[in-house]
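Chain IDs A, B, C and D follow the sequence of writing; residue 1 opens each chain.
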Amino acid sequence: MTRLASSTALIAIALVLPIQIAERPAAAQTAPASGGPVDAAIIEDLVAANRILAGEGVVDAYGHVSIRHPANPNRYLMSRSLAPILVTAQDIVEYDLDSTPIDPRGGVSVLERFIHGEVYKARPDVGAVIHSHSPTVVPFSVTQVPLRPVLHAASFLWVGVPVWEIRDAGDPAGATMLVRNGTLGKSLAAKLGDKPVALMRGHGNVVAAPNVQTAVRYAIYTEVNARMQAIAISLGGPINYISAEEGAAMGRTPADAGRAWDLWKKKALGK
Amino acid sequence: MTRLASSTALIAIALVLPIQIAERPAAAQTAPASGGPVDAAIIEDLVAANRILAGEGVVDAYGHVSIRHPANPNRYLMSRSLAPILVTAQDIVEYDLDSTPIDPRGGVSVLERFIHGEVYKARPDVGAVIHSHSPTVVPFSVTQVPLRPVLHAASFLWVGVPVWEIRDAGDPAGATMLVRNGTLGKSLAAKLGDKPVALMRGHGNVVAAPNVQTAVRYAIYTEVNARMQAIAISLGGPINYISAEEGAAMGRTPADAGRAWDLWKKKALGK
Amino acid sequence: MTRLASSTALIAIALVLPIQIAERPAAAQTAPASGGPVDAAIIEDLVAANRILAGEGVVDAYGHVSIRHPANPNRYLMSRSLAPILVTAQDIVEYDLDSTPIDPRGGVSVLERFIHGEVYKARPDVGAVIHSHSPTVVPFSVTQVPLRPVLHAASFLWVGVPVWEIRDAGDPAGATMLVRNGTLGKSLAAKLGDKPVALMRGHGNVVAAPNVQTAVRYAIYTEVNARMQAIAISLGGPINYISAEEGAAMGRTPADAGRAWDLWKKKALGK
Amino acid sequence: MTRLASSTALIAIALVLPIQIAERPAAAQTAPASGGPVDAAIIEDLVAANRILAGEGVVDAYGHVSIRHPANPNRYLMSRSLAPILVTAQDIVEYDLDSTPIDPRGGVSVLERFIHGEVYKARPDVGAVIHSHSPTVVPFSVTQVPLRPVLHAASFLWVGVPVWEIRDAGDPAGATMLVRNGTLGKSLAAKLGDKPVALMRGHGNVVAAPNVQTAVRYAIYTEVNARMQAIAISLGGPINYISAEEGAAMGRTPADAGRAWDLWKKKALGK
């Protein structure tokens, strides 16, 4: 706990994710060690992220959001398998980067948690990962029309949005379309590369960002941009996309991102 | 009641659907026999299904969902004619497979109940049937563009989605567009064949599944997929549909369907 | 009051629309005579119609619905100028067919009330009129694509949907796009002819039906059909519209319209 | 206060925007003088405008609306940087036309406030300005399809809707897409010219009107019109736009605008 910078109250996520102790020798032999307790305010933001994404229509009953453990970069935190709008602090589970739960008593794990673990392995810069079936983004995953930024708030897409084809991963489990293991997760993370967003063909997308607030913003404005781009395409004619220079400039001088997070969190948590 | 596996409370659907008893000899001569009382939890799921479909925008004031009687495969249960969002356990009526109500006092029956009866006759594997005017599915019923899966969650559509043309049924009542009798119901069931979903031209669709939870999921994701496919088509160019191999693989290894049902039911019943 | 068939309570719409009496000689000289008090249940349905149309997105702050006076075919009843969602029984005003209010104290009248008066004059079969800017119907009024039924519930459109061009009315007030007088109202009613729906170019549409329940249903399913037809057109290729034979057959044998009205009214009035 | 025509209560916006007084000499040297207290009813309408635009989907967490100071045309009033749905009277800040806050203690200012200040400088006829990322308007900003009125309620667009290209402003800060200074604001105001609406490429639009009620109406019906025009274009074929003569005629004889404002304000403020 001394590693935590914040002085706000800690919630005992150890209640569901206890650090290995002598009383539980069997689990101690196989389960990885916890990264330690996490500040309640950080967990609250992760819970809020789940509900925000549901409230904004980015996720429905499925989709998930994780954060890297603030004290141990080899651990991440994510809800057990549960519709995002229902997630509470008590549902947050800790995983190592192979996506093995620290405490096997934490409930049923998300089947596709390997998306998260493998992105954290490949991207030390990433502090939060979101996977969703964002409804207007999926159509871009099944056509040859690249998703590109038409709205300045989605300028982060200027670096390009790769489309991951699970058929190319060469894993037999890939026929089920789900990222069921580390091999498939690694393949997706490789396609994502250093980008903030990658599409998953016929499935959804993955968003990676330095922190959960930014990841949520990216996920929401990727959906908003997809809607606007689809309308622009239906209007016909050439489209004047956000340029590389503009995208880079906006990335260097971010605007007032806190305003959106404050609103979304207030709506999601009612406070 | 001894046939019921569950130990949860029974609700007396016999209140509205009494088993034939000596006190009602006139009805006993013409009405079919009841399949017996049904576990309250099963009725609750049927009620939830009605409300879920309304909440998700699959049905409006019309549309209906039925389940096969758990104790007697020659009976099915469905609400009397009522907007789905208003359905309660007291509105559930029992029918034989000719769609004759067991208790004629059960209220006005759904005009198109023959959809249900005839699908149950033709498909022993089916435990639940939904008929809706799912708004984005209807356009696919009046064009020559096949509804095909673009989203993994709708991969069950990979087997093909037949379009039923009521004009081809050769029944004079067909000009009214409604499935008003067993002949029309049989024609629709034949077009459905062994598929989970068939479109009804200029009208809506029918969904058949082993149980009500799956039928609801199929109905919802058929609508979601239709929206995504329509957008993909408007983007232009070839579309990368879920393949037969993928559809088959997902059918063999279903993902976490319970998560959606739990959320939907909670939202629909407020518990 | 003896002319009223119903035995339900009367609401004193005479409070806002008093019958001419000796105490108000000045008004008596110019205002037309009232058609008499109206059953509260009828007013309630008119109020419900206003709120239903708002709840279903057919009207926003504008749009209006009227009924012909049940006791006097030369009078009609409509809210004073007010957003439909806010209308109560106290806002209902009585007009003669020249759209002159019976009681000039009834508040500001709807500017375009002449739509209603002139349709009632021209169409003895009509008992209710709706004017709206139904959002997906307007686009059909400014293109050359005819609005035609793709959904059985909108089969009443099979007779054709005329588009009224206010420029053709030859009235100088027409440049303001609004039906500001009887001449423009007459022109619109002539274009409507014997049809249930006519579009008003760049403006909206008018719906005429035997009663308010049917008019509301027509207005809502005209919007629903417009959405479905727009999507069908975007899918591409020929469209299989509801045929004349089907439209006529459905008109002769109406389906379960009461189910929708019961739901809509319950949602609109909360009872 | 003697300059105020209304006798309604004043709210002490001086609490957050105090007039320069002797006790604060340091601020007095640099901050511009206040235009004086403002009638509470006027502030209430500005607060309502913020919430209305959020409720109608014109703004999300971003976007802002201002009014010119009623007593001093060289001052304007706008919320501090805050999601519009959250704005209260206490958040309103006063600026001079260089967009310098009168009281630097008023909270973080909106980054793009220069849009407002420069439009007020260039347009003495303007009493209210709105900037939004109105979702269906943005697509028109990135294509070559002009936004034109298809609905009479948006006839004010008949004069043309210029599209501002920030790249053409020749300001290095323009690469960030935001109106971060007076130079960019001036460039935008010049493109707006004497029009009510200008689009900002890849960003949103600016609306200018004589008063806040009109500005809100313009902003909402610009979005509504964009939706209708996009659908009309997708239907195919020539579009019958509101003509110049009609636009001019409607501008001269406005319809019942108060009805919409009353409804919107009631919904936004719950009274």
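The criterion applied here is as follows: a residue touches a chain if its C-beta (ideal position, glycine included) is under 8 Å from a C-beta of that chain, and two chains touch if they have at least 3 such contacts.
The model shown is predicted, which means the values in this text are computed figures rather than measured ones.
Q: Tell me which chain's centre, taken as the mean of its C-alpha atoms, is farthest from subunit A.
A: In terms of C-alpha centroids, the chain at the greatest distance from subunit A is C.
Q: Over half of the interface residue numbers used by both subunit A and subunit B, so same, or under half, so different?
A: Different: when the shared numbers are divided by all numbers used, the fraction is under half.
Q: Calculate how many whole Å lie between the centre of subunit A and the centre of subunit B, each centre taken as the average of the chain's C-alpha atoms.
A: The computed centroid separation for subunit A versus subunit B comes out at 35 Å.
Q: Where the CA atoms of subunit B average out and where those of subunit D average out, how many Å apart are those spots?
A: Going by mean C-alpha positions, subunit B sits 50 Å from subunit D.
Q: Using the touch definition from the top, which residues of subunit C touch two or more other chains?
A: Those would be 234.
Q: Which of the residues in subunit B come into contact with subunit A in the complex?
A: Contact set of subunit B toward subunit A: 149-153, 155, 224, 227-229, 231-232, 234-243, 245-246, 248-250, 253, 255-256, 259-260, 262-264, 266.
Q: Would you mind writing out the residues of subunit A in touch with subunit B in their complex?
A: 60-62, 81-83, 85-86, 108, 111, 133, 135-136, 138-145, 167, 175-178, 201-203, 230, 233-234
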